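Look for chain A in each of the two complexes below; its partner is chain B in the first and chain C in the second.
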Partner chain A sequence: MSAAAEAKPLRTWQRFTPAERVIRSVFYLIALIAIVWSVQTIEIIPEFLYDAPQQTADLFARMWPIDWAWYPKVVHEALVETLHIATLGTILAVALASLVALMVARNITHSIVLNSIGRFILVATRSVHAMVWALFFVAVFGPGALAGTLAIAVHSIGFTGKFLSEAIEEAKPGPIEALVAAGASPLAVLIKGIWPQVKPAFLAISMFRWDINVRESAVLGLVGGGGLGMALDTALSNLYWDQAGLVLLVIFVVVILTEIATSFVRSRII
Partner chain B sequence: MDASLPIRPAAAVDDGIDRSLVIRNLRKEYRAGEPVLKDVSLKVEGRGMTAIIGPSGTGKSTLIRCINRLVDPTAGEILFMGQDLAKLSGRSLREARRRIGMVFQEYNLVERLSVIENVLCGRLGYVAVWRAWARRFDPKDVDRAFTLLDAVGLGSFATQRADQLSGGQRQRVGIARALMQDPDLVLADEPTSSLDPKTSVEIMELIARRAGERDIPVIVNIHNVGLAKRFADRIVGMSKGEIVFDGPPRALEDAHLMQIYGGEGWLE
Partner chain C sequence: MSATDRARVAFPPNWPARIGLAALALYAIYAAQILDITWARFVAGFGHGGQFLSRMFPPNVAADKLDLLYHGMAESLQIAVLSTAFGIALSLPLGLAAARNLAPAPVAWTARTLVALFRSFHPVIVAILFVKAVGFGALAGILALIVASMGFVSKLLAEAVEEMSMKQVEAVRATGASFLSVVVMGVLPQVMPRFIGFCAYQLDSNLRNSALVGLVGGGGIGATLFTAFQRFDYDFVLTIVLAIIAAVMAGEIVSGLMRRMFQ
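Right after this comes the complex of A and B.
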C-alpha cells in the first residue's frame, strides 16, 4: 500500500444514528416492562406450572386408546353438520358481504355516508368473535346448527366484505370507462366491466373464508352452535376423554384436509 | 382486411342524416378559476377525419371526453343530432352515448373476457342486462361481431381472451367494439400513442377506412403530427386550452407547429 492511501482517514458507517439508537433502546425497555407486567397480571400459580407436564401426559393417557366406536354413533353426523354450517355460513356471508362491499367501494358508491355505513357494518361484524355471535344467536334461536350458521355468516361479513371492496376498488377504470362510453347502464357496467375483473379475487376470498369457517364452526358447538363442538362438549362434560380425543383428532384431520383442498383449487384457478 | 361490411353498404352512404357536431363556448375547469378548455368553439362536418393536435396537457383529451360526457363540461353547448349533449343525464345520456363510439389509448378492453365478448360489449347500450349477463346476445349482433372482427383482421382470435393479444391487436378489438355500436360519430383518444410506428400507421389506416366506408365522422386526438397530416382531412391545433390552428393538413406549416407546441429546436 502506498503512503497516501495509509494517510487517508477511515470512512465509517453505522446503521443507526445515535438518536435512533436511544429511541430503539427505549422501545426495548418498554417491551421488557410490558412482558414483566403481563406475566404478573396473568397470575401463574407455581404449583400448577410444576406439574403441567404430568397433567398433560395424564390427559393424553386418558384419551388413549381413542374410542373409535363413537365415530359412527355421534361424531360422523356432527362432522357433516360442521361442514354444512361452514359452507352455508360462507355462502350467506359472501352474498351479504357482496352487497356491503359494493356500498363501501368508492368507485361504485359515490356517497361518503353510504361508504361509512358500509364500513361500520364491516367493522361491527368482524370485531365480534364468532363465538360471541353464536352465544347471541343461541339465545335468539335456541342451540343448534341454525345459530352456528348465522354466527359464522355474520362474523364473516366483515372479513369477506373488506377484501371484496378492496378488490372492487382495484378494478381498472379503463374498461369501465369504455363500457360507460358505449352507453351501458350501471348494472351492465357492473356485470361486464367490474365483475370479470373482480372474479378471481372473489373466488379466492370466498374459499379462504370457507377454510377459516371450517375451523371456527368446529368449536362453535362449545357454546351451543351445533357440529363437532357439541360432541366435544358432551365428551368433556362426561369426562369421556377417549371420546374427546376422537373429536380433537377429527377436527385436526378436517382442518388439514380443507387446507389441502383449498390450496389445490387456488393454485388451479388463479 | 378488405372484407366488405354489409351493415351500411356504400349505396347508403348518403343517408341524409346530419352527423355534424357543433361545439359552442365549451369550458371546463377541474379547479374553479383554472380552465383547461377556454370557451372552445368548433364545428365538425358529418364526415371525414378531424385530427386534434397539441402538446400534452393542453385539453385535447378533455375536449374529446366532454363530447361523450366522460368529463362533464363546466359551461358550453355540444350540439349533435338535434340534442345538446352537455345537458343530458341518465337514460337520455346513455342513449346519446350509444351513438358515439370511442377508441382509447390503453385500448380499455375487459381483459378477462373473450375477444368476441369485448366486441359485443359495444352493444351494451342496447341489450337487456339479463341477456348480457346470460351471454344470450342477439344472434344478429353476434354475427355482426364476427364480421367486424374479420374486418379488423382478427377473425381467428374471436374466442381468445383479450389479455392474450398484442397492443396492436387489442386496439383492433377496440375499434371493432366502437364500430359494433353502429355509431354516428367515432372519438379516438390517442389511439396510437401506446403502439409502435408501423402498428400506429396500420391502426390509423383501419380507423380511417372503416369509418370512411360508412361515412362516420371521426375526431382523433393525436400526438404524432405526421400521422395526423397523413390521415386527417382537417387538423385542429390546440395550445393552452384554445384552438390556435384550424385547416387542411397541407396548410399546416412549421410556423403553426411552433405556435402550437412552442420552441423550434424539435422541428429540425
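Right after this comes the complex of A and C.
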C-alpha cells in the first residue's frame, strides 16, 4: 500500500490551467496599475474636502422643511410633462427600433451590408447618452419637451433594437416557412409568423425601457429637455434647496411607483 | 354566422389588439399636443439642424483642442476606474448583507432599503448633491458613480446569493466554520462568476456615465463637452462625441473579454 503511494508521484490539483493563470495574473496586474495610476494622477482639491461635512449638513438643513407650496405651482405640471416625455419617447423609440431590429435580424434581412448598418445605428444611438442627445436636440429644436422626447426616443433605439433583434433571431423558422409555402405576402409573414413569437419579448422590453426612461426623462431638463429636471434646474440656480428637495422627493416617489407598476404588470401579463 | 363559417376565417380580426393600438395612437397625438410638439417646430428645427451639422463638420482636431480632449478623457477614465474599484469593494459587503438567506432579517431589510435608495436616483442627481458637498471636480463624479455602482452590483449580488444552493453553506457551517469562512468557502465560490459579470458590466456602465456626471460639475470629459457646447464650439463637440463613442465601444470590448476570461 505504502509502496504504491510512493511509486505514484503526488498529484496536485489545480483549478486553472497555466495559461488561464497567466491571463488572470496579467488582468489583475492591469487592474492594479489602472487603480494606482488613477489614484496618483486624479486631481482632487483637498481644500474643498475640509468643509465637506459642514457643506453636507448645510445641504440637508437648507432642504428642510421642504417647500410643499411649490408643488401645485410648478412641480405638478413638470411631473406630468416628464411622464408624457417618457411615454411618448418610448413609443417613438419602439416604433423606430422595430424597423432597425428587422434590418439587423439575420433571419429576416439576408444582406450583410444592411445588417451591419443596422448594427451600427444600434451601437451609435446607445453609446451617446440621452443627456448628450438632449444637448444636441436642444441646440437644434430649442429647449423644451420636443428636445427631451427626441433624446429619449433616439437613445432608446439602441437598447430596444438590440433586444428586439435578438428576439426576432430566436423565432422558430417553422411557422414562417409554413406561411411562405402557403403563398403569404411578406407583410402577412411578418404579422402572422414572426409577431406572435416575439410578442412577449416585445412587451417585456417596452415595459422595461419605459421604466428606465421615466428615470432618464426626470434629469433631461437639466440641459433644457423639459420636465422635472427643468424644475430642478430652476430651483438649483436660484439656490432654493427646499424646492430642490421637493423635486428630488417627487422623483424618488415616481421612480418607486413606476418600478412597482412595471413589476406588477410583468408578473400579471407577461 | 355559423361555427363552421367562423372556423374558415384563418386569422379572425383581433379586436382588443386593434382597439389597444388605436388607443396608443390617440395617446401619442394627445401627448404630442400637451408637450407642444408640432410639425411646424419640427420643420423649423430641421433648418437649424442643417446649419448645426454644417458647423460640426469637419471635426476640430487642432492641437490645443486635442490636448483638452486628452485631459478630459484621462480624467473620465480615472473616474470610471476608481468608482468601479471602490463601488465593487463596497458592494460585496452590502450585497451579502442584503441577501435574506444569509443575513438576519433586520440587517437584510436595512441593506435592501439602502440599495433601493441608491438605485432610485439617477447618477446625475447624485452628482449634483456631491458637487454641493465636496465641490466641483472629479471627486464629486467618483462619489456619485460609487453610489450608482453600489446600487446596481449589490442588488444583483444579493439576488445571486439568494438563488444559490444552501447545501455547501450548510456543509461549511457544519464544520464549525466562522461566518467569514462560510462566506469565503461556501458563498463566494458559487456567486463569483456572476459577480464578475456584473462588475464587468458596471465598469462599462461607469465609463459611459463618467461622460455624464461632468455635465453637472462632476469633472471628466462631460465637463469638456458641456463647455464646448456653451461656447458653440460645435466642431469640437463632434470630436468629443466621436471620442466618447470610441471609448464606450472599447469599454464594451474590454468588459466582454473580462466576462469571457472569468467564466
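As a convention for this text, the second predicted complex is superposed on the first by the 244 of 270 C-alpha atoms of A that agree within 3 Å, B and C clash if a C-alpha of one lies under 4 Å from a C-alpha of the other, contacts with A are read in each partner's own complex, and residues count from 1 in each chain.
Convention: a residue touches a chain if its C-beta (ideal position, glycine included) is under 8 Å from a C-beta of that chain, and two chains touch if they have at least 3 such contacts.
Nothing here was measured: the structure is a model prediction, and the numbers come from that model.
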item	value
Which of chain B and chain C A:V74 touches, first, second, both or neither	neither
Which of chain B and chain C A:L179 touches, first, second, both or neither	first
First (chain B), second (chain C), both or neither touched by A:K192	both
If touched residues of chain A are counted for chain B and for chain C, the larger one	C
Chain B versus chain C as contact partner of A:S127, first or second or both or neither	second
Contacts of A:R215 with chain B and chain C, given as first, second, both or neither	second
Chain A positions touched by chain B in one structure and by chain C in the second	192
Chain B partner contacts - residues on chain A that touch it in the complex	174-175, 177-185, 187-189, 191-193, 196-197, 199-200
Chain C residues touching chain A - in the complex, by the definition given at the top	11, 24, 27-28, 31-32, 34-37, 41-42, 44-45, 48-49, 52, 74-75, 77-79, 81-82, 85, 116, 120-122, 124-125, 128-129, 132-139, 142, 208-209, 211-212, 215-216, 219, 225-226, 229, 234, 241, 244-245, 248-249, 258, 261-262
Residue ranges of chain A in contact with chain C within the complex	23-24, 27, 31, 34-35, 37-39, 41-45, 48-49, 52, 55-56, 59, 80-81, 84-85, 87-88, 91, 123-124, 127-129, 131-132, 135-136, 139-142, 144-146, 149, 192, 215-216, 218-219, 222-223, 226, 232, 236, 248, 251-252, 255-256, 259
Of chain B, residues touching chain A in the complex	68, 70, 94-102, 104, 106-113, 117, 121-127, 129, 132-133, 174, 177, 181
